[in-house]
Amino acid sequence: MQKTGLVVTAHPGDFVWRAGGAIALHAAKGYRMRIVCLSFGERGESQWAWKQAGVSLAEVKNQRRGEAERAAAILGAEIEFFDAGDYPLRTTPDMLDRLIDIYRELKPAFVLTHSLEDPYNVDHPEATRFAQEARIVAQAAGHKPDPDRAYAAPPVFLFEPHQPEQCNFKPNVILNIDDAWETKRRAFEVLAAQKHLWDYYTRVALNRGVQGGRNSGRAMTYGEAYQRIFPQIVEELA
Amino acid sequence: MQKTGLVVTAHPGDFVWRAGGAIALHAAKGYRMRIVCLSFGERGESQWAWKQAGVSLAEVKNQRRGEAERAAAILGAEIEFFDAGDYPLRTTPDMLDRLIDIYRELKPAFVLTHSLEDPYNVDHPEATRFAQEARIVAQAAGHKPDPDRAYAAPPVFLFEPHQPEQCNFKPNVILNIDDAWETKRRAFEVLAAQKHLWDYYTRVALNRGVQGGRNSGRAMTYGEAYQRIFPQIVEELA
Amino acid sequence: MQKTGLVVTAHPGDFVWRAGGAIALHAAKGYRMRIVCLSFGERGESQWAWKQAGVSLAEVKNQRRGEAERAAAILGAEIEFFDAGDYPLRTTPDMLDRLIDIYRELKPAFVLTHSLEDPYNVDHPEATRFAQEARIVAQAAGHKPDPDRAYAAPPVFLFEPHQPEQCNFKPNVILNIDDAWETKRRAFEVLAAQKHLWDYYTRVALNRGVQGGRNSGRAMTYGEAYQRIFPQIVEELA
Amino acid sequence: MQKTGLVVTAHPGDFVWRAGGAIALHAAKGYRMRIVCLSFGERGESQWAWKQAGVSLAEVKNQRRGEAERAAAILGAEIEFFDAGDYPLRTTPDMLDRLIDIYRELKPAFVLTHSLEDPYNVDHPEATRFAQEARIVAQAAGHKPDPDRAYAAPPVFLFEPHQPEQCNFKPNVILNIDDAWETKRRAFEVLAAQKHLWDYYTRVALNRGVQGGRNSGRAMTYGEAYQRIFPQIVEELA
Amino acid sequence: MQKTGLVVTAHPGDFVWRAGGAIALHAAKGYRMRIVCLSFGERGESQWAWKQAGVSLAEVKNQRRGEAERAAAILGAEIEFFDAGDYPLRTTPDMLDRLIDIYRELKPAFVLTHSLEDPYNVDHPEATRFAQEARIVAQAAGHKPDPDRAYAAPPVFLFEPHQPEQCNFKPNVILNIDDAWETKRRAFEVLAAQKHLWDYYTRVALNRGVQGGRNSGRAMTYGEAYQRIFPQIVEELA
Amino acid sequence: MQKTGLVVTAHPGDFVWRAGGAIALHAAKGYRMRIVCLSFGERGESQWAWKQAGVSLAEVKNQRRGEAERAAAILGAEIEFFDAGDYPLRTTPDMLDRLIDIYRELKPAFVLTHSLEDPYNVDHPEATRFAQEARIVAQAAGHKPDPDRAYAAPPVFLFEPHQPEQCNFKPNVILNIDDAWETKRRAFEVLAAQKHLWDYYTRVALNRGVQGGRNSGRAMTYGEAYQRIFPQIVEELA
């Protein structure tokens, strides 16, 4: 059976900068990757769009949706939008219900989402809270009961926020994304309005790569940092 | 005047596994013990009930209410249900108002509730947040004003979650429940659907008992761990 | 251009006890100081008012509004009330919208608000959460778009809660309020119903003053402690 | 059998400012109180002494010893000096051996010592580390073996450092020292060279008293804050 | 090439209770397992031995060495003693040098040692500190230089202390030790003098097993909890 | 009077990578900058040197001393070596005495040193501990008494370790080093053997620069992150 991975992000930029390597890498390994993008980033991430006189919210959303779809396609992932608003993002019971269905349908092998705290952007921890609640409720036998269903709550990995120390983000996993780097970088280029961040996140990837090499003693160039928040169950320590 | 104790839990299992010793022990000492059980555990804790084809939510609630009432009776406590839903649990202003009334009526000598964090079950910290808010508002002179009322916010003890370290639960009180153990164990047996947890929580009680003995130098066999979250005011240190 | 400072507090007492020195000091330096006081403290802080038989909520609010306005005037600040309720305080989307407008209009050089946690008063961290969300949304180009607007999110300083250690409040800034002390003390005296706190907060100011002297090697008598929560950007370390 | 209490401090000032209330209170209750004072405070706490031209280290030690003995006598405690040096304080294996003997001889019902961290004075956490190691080794059957000896490691309470938040000191016990306050204050007056601290620590005691009253709902005026570092084993929660 | 694992413990009991499953499991998988046991536990862990009138330190050490060797043999591991003393344990430069040689010779795939903190037993964190320093110095090109040497510092896993929450131990890895349980339990039985701990650590293993099952959704009965302290470098997240 | 700054580092690389911008910037502003370099980095940082057959420790030290002196000269700083050994670094009472004298002589306006923790390199926190102890003892009136001496303990800033999150390093100050960047980069080039780190630390500087711009709303390109560990005493908040 095909393995799957689920990514829950507040904004389109987030899945590109923070998890683009993991998405492309697992897609290339044959995983079905699904991105749930809660907003279009239509208010906070779209400074350039708003410089056009008279542009409407619908137009900006549309532009950003297009970009996000192109970026997801480059990474090899499906994408679904919840249109939960942006700055501020507000989730609803229906959205929770939909995300629970997605967990149960996909039975993801892992979930990627934001850090637990982010004093620079409160939509980020709201996305995390929401992803965690859906993951838990999906276990409840009494939610849309079906005695034949099998579902086990998957491990959760938090991806790296813009200013990791300020978010009390402590990476305990570094993913080697060397094989996915070119793809990730191509996805950057879709986000033309945030060109100032291309180099920033290239440097982040290179420095996480150096750290990955140091911690493993194995050569690697590009890395993505994650914080696993539930214990890992293993059969062997090395 | 009779002393009282208040227990605020998300689900029926919680007051049995986590605080059953404290409830039975204080009931036996003559305390009036009141359990506020926010949900019936009808969706998350009731896997077995949902295996019956065609069972309704009302039937499951009813079953769980019956169990919870029997367990409370064994422990020697009154029980009141708020029917706040389960997976997810959602409290309302009316529920808050009711809990404030309970605080004021009972003037509890202590309150027991969940840990501050629980990444496995978000209903648990929601119960804690709710218990704390009611405890605080009960102090407000302008809430249902009555100049003759005396009320002092009681100490709060958090009971032990399923995976204490993952919940950043740090016990600073171990209650010797040797005298209440048999009663607590009998209450376990009401929760027939969660039989797999009987032994788990028996082991927890025995290991907390060993720790209690080590920390005090006094013999004891069964313990319950608590985290006190407000400073203790004392007249003597030993 | 005149510099401004913004203070977001849950209750009138808070801006006096916790930030009165900073308000008076900066007002005297020529800053335009604006206090956003989310509630009138009409239920929790007004024990004395409620001792009068038959007093109405509107009367208590009115009394407290009068006191808060007099205290703000003594400190040299403007004050605006949001009437968000008290014990519990509940903010609304309209209030958020209004606070965003205030950030954009004032472009404050700094914001003062409550600690991130307060187990004694949940209205306090709610005020902080609200002040932070408005500060962030004010940056969004797509919120009431205006390409000509310039706005940079200001530094945030948390003022000292009643029991700092219990709130995990860790001061990293001590403001010398010697020049503002007499004014702050006069503002205390407006809060006649909380006379028992005058001496408490005078002692807090004196002890923070001693600590300020010790940490700087410079003489000072009265201090206010703050916790800065974003990195400080500097051109020189000393 | 008479109960005992043990106090391990780096300097004479420490047992007066930080634990003088507890010492006097328990002495008055009939406890045998023993202070182990690791240094005379001869280099760091004795600024005034060193202002005399030509004063010798031995003379300063002698002065401080005298003061410490008078303060201990006022508080009703025995005192023993280890002469471990001051700024820096360095303990030796012989001192450890002596402190182990004291633990075994006194079988204290509690131990009072410094906070775990103190970035302002590294002698303080060194005293704590030393007190803890002796407490532990005293349990070892193979240290000066004697099969008849009974010894159980006592609870440890950390007393309040000068700047509690900077030391990550989080008080979880407030001792009501109303009955001992006059005695504690008289002990202050022995420390004539540190007169600038009399008022500081009077204010600390008053504010801890207010906090004690708030947390307990019982009237009290003077308090001392402590951090208990091992779980408390109890038979009842209220 | 045969893989190896290194275990650095303060006392013999520690490698049995805390890491016996990992040792036996990896030995059975073909790893060369080496235990460095810093002391014989001759003073603190040997209460029963000291009940014999006139027993000498050398005799007790000898007894404990015998037990430790038998336990290691059952687990399938080599054992080496450093005789660093017990209660207190004191390491020397020669011991550090020897441990560095061991790291370089074995090139372990992982290292197991104590938690970073343990307020109940200061020998434990001293063992950790020592294991970490040797692991680091082993990397230094200038320590016994040899340009042909290849050495990469291995991942470190902290095993579970007696009272995990009090040691701020937060497990992030649970090792399934079902296949090694019988062997681990047989090793318990060598430690006849600590029979009171057999059941304690059996319960710990069973409860960690339940937690392992819950976190993974896979059946398992016995677990050992570990805290990995350096980031894990991975090629895939699931 | 000329202001001074003091830098205490374990190894030569540290003052270049971590604090080179601050050193050059303050030197250019007219500060007298003194680096105390505890070791020559002769064992851990000198992989290339040890690749030469038959090279002696003295030769390696000499090479590294030369490099460190050239780097210090480029940055505009004085440098003093303590030759405390490397991997492991061990400080002595004489070294402590010397560092105390330096504090008293220079009366630095600030001190720069390592993070409080570093699980990758235990020499780093040892340098911090040592720098802090000397800073404190320098205050003791009884250490080399001189009633005319004035000395106030300076603020301490921790510079950024190689893997900040793993060291629990939380930057709260970002220094704009745009004006010093070219000088810092030239100092990099002296460390030819660590060429692999040039780009790493250039990326660190650029990303800290971006963060500095975001947090201040002011343009800047290169930053150095610091963690201030004592409260800052201020006369104004903006």
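Residue numbering begins at 1 within each chain, and the chains themselves are lettered A, B, C, D, E and F in the order written.
One rule holds in what follows: contacts are C-beta pairs under 8 Å (C-beta built on N, C-alpha and C of every residue); 3 or more make two chains touch, one makes a residue touch a chain.
Model, not experiment: these values are computed from the prediction.
S.K.: On the document's contact criterion, could you list the chains that touch subunit B and likewise touch subunit F?
M.R.: For subunit B paired with subunit F, the chains in contact with each are A, C, D, E, in label order.
S.K.: By residue number, over half of the contact pairs should agree; on that basis which option among A-B, E-F or A-F is the same interface as C-D?
M.R.: When the residue numbers line up for over half the pairs, the pair is A-F.
S.K.: Copies subunit D and subunit E touch; is their interface built from the same residue numbers (over half shared) or different ones?
M.R.: Copies use mostly different positions to touch.
S.K.: Per the definition at the top, count C-beta pairs in contact and tell me whether B-D or B-C has more.
M.R.: B-D
S.K.: Taking each chain's centre as the mean position of its Cα atoms, how many Å separate subunit D from subunit F?
M.R.: Centre separation, subunit D to subunit F: 37 Å.
S.K.: Where in subunit A do residues touch two or more of the other chains?
M.R.: 120, 166, 171, 211, 230-231
S.K.: Take each protein chain as a node, join two nodes whenever their chains touch, and name the resulting shape: line, ring, star, complete or other.
M.R.: other
S.K.: Going by the touch definition at the top, which pairs of chains touch each other?
M.R.: Result for touching pairs of chains: A-B, A-C, A-E, A-F, B-C, B-D, B-E, C-D, C-F, D-E, D-F, E-F.
S.K.: Can you list the subunit B residues touching subunit A in their complex?
M.R.: 42-44, 46-47, 49-51, 53, 55, 57, 60, 86-88, 119-122, 166
S.K.: Given the complex with subunit B, which residues does subunit A contribute to the contact?
M.R.: It comes out as residues 96, 129, 132-133, 136-137, 139-143, 145, 147, 229-231.
S.K.: In the complex of these two chains, what residues of subunit B are touching subunit E?
M.R.: Residues of subunit B touching subunit E: 120, 162-166, 169-171, 199-200, 203-204, 206-207, 210-211, 214.
S.K.: Provide the residue numbers of subunit C that touch subunit F in the complex, in ascending order.
M.R.: Subunit C residues touching subunit F: 3, 5, 22, 25-26, 29, 31, 109-110, 112, 152-153, 155, 157, 171-176, 211-212, 215-218, 220, 223, 225-226, 228, 230-238.
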